[in-house]
Each structure stands twice: as structure tokens, then as C-alpha cells.
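To keep things simple, chains are lettered A, B, C and D as they appear, and every chain counts its residues starting from 1.
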Amino acid sequence: MTSHPAPPDGCFRGPVHLYAVRVYFEDTDMSGVVYHANYLRWFERARSDMLRLIGIDQRAAQEAGAGFYAVAGLTIRYAAPARLDDDILIESHPLELRAASCRIRQRALRAATLLAEADVRVGFVGADGRPRRQPEPWRAAFARLVATGEPPA
Amino acid sequence: MTSHPAPPDGCFRGPVHLYAVRVYFEDTDMSGVVYHANYLRWFERARSDMLRLIGIDQRAAQEAGAGFYAVAGLTIRYAAPARLDDDILIESHPLELRAASCRIRQRALRAATLLAEADVRVGFVGADGRPRRQPEPWRAAFARLVATGEPPA
Amino acid sequence: MTSHPAPPDGCFRGPVHLYAVRVYFEDTDMSGVVYHANYLRWFERARSDMLRLIGIDQRAAQEAGAGFYAVAGLTIRYAAPARLDDDILIESHPLELRAASCRIRQRALRAATLLAEADVRVGFVGADGRPRRQPEPWRAAFARLVATGEPPA
Amino acid sequence: MTSHPAPPDGCFRGPVHLYAVRVYFEDTDMSGVVYHANYLRWFERARSDMLRLIGIDQRAAQEAGAGFYAVAGLTIRYAAPARLDDDILIESHPLELRAASCRIRQRALRAATLLAEADVRVGFVGADGRPRRQPEPWRAAFARLVATGEPPA
């Protein structure tokens, strides 16, 4: 009997979330390497996976009109290019937690080679697009991760 | 000891290649569901993974100036929408093999629900962008898959 | 006094809508030409512009919960590649109008060279994602375009 | 006689390059507003247009193997969301010029509302991906823009 392949799942190593991507044609541009904006898509995939693993259901929250996380700002530095078929590891490290936002350090690596590193501020916004406090269970899940370095059991 | 997560890998069930994706924010649009063009990106990821698994190294071929596969045409029908966090299975079934092209049937499914199905013609083109015969080992790998329903050992 | 540049606007030549795009890095992939799925994004931009010009306000309709157009299926054939900085003309020709859907023929051209041509079926769906009749003013605007070859004054 | 629509062209107001985009479905995500990474695509379009207007032919340079500009890093702050059909003005202001790189300040505005502002460092790299001096005519064109606030005649 053959099982289905599963969609990509990340995992935690202490407080750091690990997530893997492979480079496809869609990620590259005519310069032969990954287009710079596409790292932001990978980082977003990794953050979404991290949220899912600590029990935050973004889709349910949005369908209920509770709001969603939005990127408030980021700084990114590109250190080395990535190419087709490369196996990339995305590390996401929540660094700071506030009532309505959090700050996450993210890196893209190919084995030991740093490709890009970013500092991303994510804010919670209501259905009206205005900043508001994160849902308490969400804040608590993040707080546990930041304070103890331990993801939920 | 903690291992790294691996990038998504597909597998074969007979001649059909299976590949899994999860829906992220980047895939959706303001209508709340996956933007129609993004299915083409998923299908391309799946085809690239299928090629990789049967031993075709697209990056080496391109770096050597040997050429690459390009989509020559496709027909796609959208049957049901996909939403954030959905687990999607992409099935790819090579149906027909010619000297310079092949035809692949691809479907996107969420469990038993068909989301989209496509018939994709892919042609091999030289570095000059003109159609040319596929490299013989590539053609042979595809021929084995189409004829015997068996991927390479 | 300096005026601002305006965002791209299409126009009609009889019933055919014309819209122009230029190729940027984001549109290309490592093969040096435009990534196949990106033609679908250009075609969608052109259809949105066509709707806007015949007086259909998609944003207002969606914000009011009235529904939106969704691509139900399409066939596309790629005839020639496009490269960075190319000036591309997108032609959109509404061919057929039904209560809940319409069919549009679209082509991408660089001067006299056909790059891609598509036949796109677009259906109207309610906020629940189910097919429903187009708003009567929308259907009427399309009908006038299809029947008389004349866009609204 | 009917003329064709032209692809979007920017212009200069002193040393500041202006470029307009409109928001399409492809730019948005399920939160109803423009996906954060897509501002980077708009900013890249604007920079490419600015280069084109000051006489830099990126495509010819790349085809000749001379190299290309690559984003080395950027900081972006999101101030307000953008929605379908919004008319957005992208301002690009070259601030600093070095032998192998330049720094450009970019903003996205909807009328008087600031949507996002970024500080982008762009480096010139050879066909081997390594930093190298910009072609002298390119450096000179930028230098004139930065020093005198005057684009080429």
C-alpha cells in the first residue's frame, strides 16, 4: 500500500522554527537566481507554518472576522544567491512579543551557507485593518515560545 | 538529536507522480480563494519534482546550454476553490511521448474533491529557444514511465 | 508644472479591448523568457481593465458581498517567447455571453508577433463561491459589447 | 485612426522618478489588501523603468554577459493597505552612488496617503554573480541624476 506525500511541515528546535523549501522555476528570474522578492514569500510560508504548529488557526480567525497578522515592516539582507533545485532551510526565531505585534528573525540557508537574513515585524490587525491586541491564546502561545524556548507540546 | 525538515518530495504510484502542497497567503487573492494562475505554479513544481525523481537534472542541462522544457500549451478546468491551509495533492500522469515534447495530465485534489484538472503539453527547446529533440536519456526515462507505468528504480 | 504618470489604461477598438504591458524581471524565469503562468496574470489585468472601462466596479461588488468573476477554465497556447523590456499588447475579445458566464478570447502580441493566445471562460460567483447570474447591469454592458461591437460611451 | 495603448512609462520630477501602477487581483491576498511582498515587485518595476529612462539597457547588458543589478538589501515599512483598483504612485529617489552599488529611496503613495516606504541597496554583479564596478556609462548616468537632480535630456 502506498501512502500520499504530505505537504511540507516544519518543526521546532528549541524556540527556532525550521522549514524547508526547494527552488523551482517560478522562484527564479532571468539572472538565473532566485528573484529577491520571493524570499519574502518563503518567509511568510515559514511563519504560517510556525503559527499552525503552535496552534494558531489563521483561517478560522479570518473567517470569524477576528483579524489576521500583517507584516508591518522588515529589513532583509541578501548574502548569496540561490539556484534551481537548491534545498533551502528557513529558520524563524521569534524575538520579541508585544500586545499587538511580534518581531521574528528569519534566515534562509543552503547547508551552512547563509543566503538571506531578515528581521520582520508582524502586527495583528482587525477585520477593519486597524492594529489591535492579539487574541489572548495566540499571545500566550507566542509568549511561551519566546520565554521558555519551548513550542507547545 | 534533531533532524532538519526536508523539502517536499513527491513519489510515484505506478506511472502517476504525487506531490503535496499547502495553501499559503501568497496563493490566495481578495476573493478568499487560490488565485487561478497559481495552480500553474503548483503544477510546474510537481512536474519539476517528477523530472528530478526520474533522474532528469534540469539545472545541469541548462547550465550546460543543452536546453530546457517549456510549456507549449495547456487546458485547465477549475472545479472547486481552495483556501488557506488546505492540503492539496497534485497528481501528474505522463500520457504521451514524442521526440521533442510530452503531454501530461495533472490534477489538484483536496482529499476526494477535485479542484482543478489540466492537460499540459511540454516541449523541449534548445538554448536558442527553438524546439529540439529531448536528450536521449531523458526521452528514455519518460518512455519507460509511459510504457510500463514504472518509474526508475 | 509636472503631471503624474497615470496607471496603464486600455482602450477599445470596436469590441476588442487593448491593453499594454512591459516585461520586467519579475515576469521572467531562469530560462531567460517570461514564465508561462505569468501570461495568465497579464490576461487577468487586461480583463479587469476591460470591466472597469465598461463600467463594472468589481471592488464595490465584492465589498457589497455581491460576488465576483472567477476563471472557470481556459486553454492557452504559447507561440513565441517574450523577454525583458518587450512591449506586449494584450487583446481581449468577448465572444459569448451567458447568464452566469462569458467567454473571452485573449492574445498577447509583440508588434506583429503572436506570443500566446487563450480562450478563457469566466463565471460569476456569489460570496459563497457558487455560480450565480451576473448583475443585470454587468450582463447588459457585456451584451452591448458582444452584440454591437461597441463599448459604452 | 486608433492608436495602441502604450505600456506604463514613468517620468522624472527633478531627480525623483515617478511610476504608476494599478492594483489587480494578482496583487491582493485573502486579507483583502495587497500582499506585502508585491510592493517589492512594484518597486523593481519602477527601478527598471528609471534605468530605462536614463539610458541603461539591462537586457543588452545581460545578453552580452556584462552583468546586472541585484538587490543587496532593503528595509521596508508598511504604512497603510492598498486595495483592488487603487491607483498607486511609486516614487524612486537615488540617494547615494558607489562604484559597485547605489541606494534608492522608494515610496508607494495613493494620492497623499503613504502606503509603504523602502530603502533599497542595489549592487552590480557580473555574470558570475560577484560584485563588480558598474559599467562606466551607467555610473555616470546615475551620478548626474544624484548630483544635479537632472535626468538625461
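In this text, a residue touches a chain if its C-beta (ideal position, glycine included) is under 8 Å from a C-beta of that chain, and two chains touch if they have at least 3 such contacts.
None of the values given here were measured: they were computed from a predicted structure.
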Greatest separation from subunit C - chain, by CA centre: A
Repeat of interface A-B, chosen from B-D, C-D or A-D - more than half of residue-number contact pairs shared: C-D
Comparison of B-C and A-C (more C-beta pairs in contact): B-C
Distance from subunit D to subunit C - Cα centre to Cα centre, in angstrom: 25
CA centroid of subunit A to CA centroid of subunit C, Å: 33
Distance between chain centroids, defined by C-alpha means - subunit B, subunit C (Å): 26
Junction residues of subunit C, two or more chains touched: 25-26, 30-31, 33, 37, 41, 44, 62, 83-84
Complex contact set, residues of subunit B against subunit A: 2, 4-11, 13, 18-22, 24-26, 41, 44-45, 48-49, 52, 57-59, 62, 83-85, 87-89
Residues of subunit A that touch subunit C when the two form their complex: 25-26, 28-33, 35, 37, 83-84
Subunit B contact footprint on subunit C (complex, rising order): 30-31, 33, 36-38, 40-41, 44, 62, 68, 70-78, 81, 129
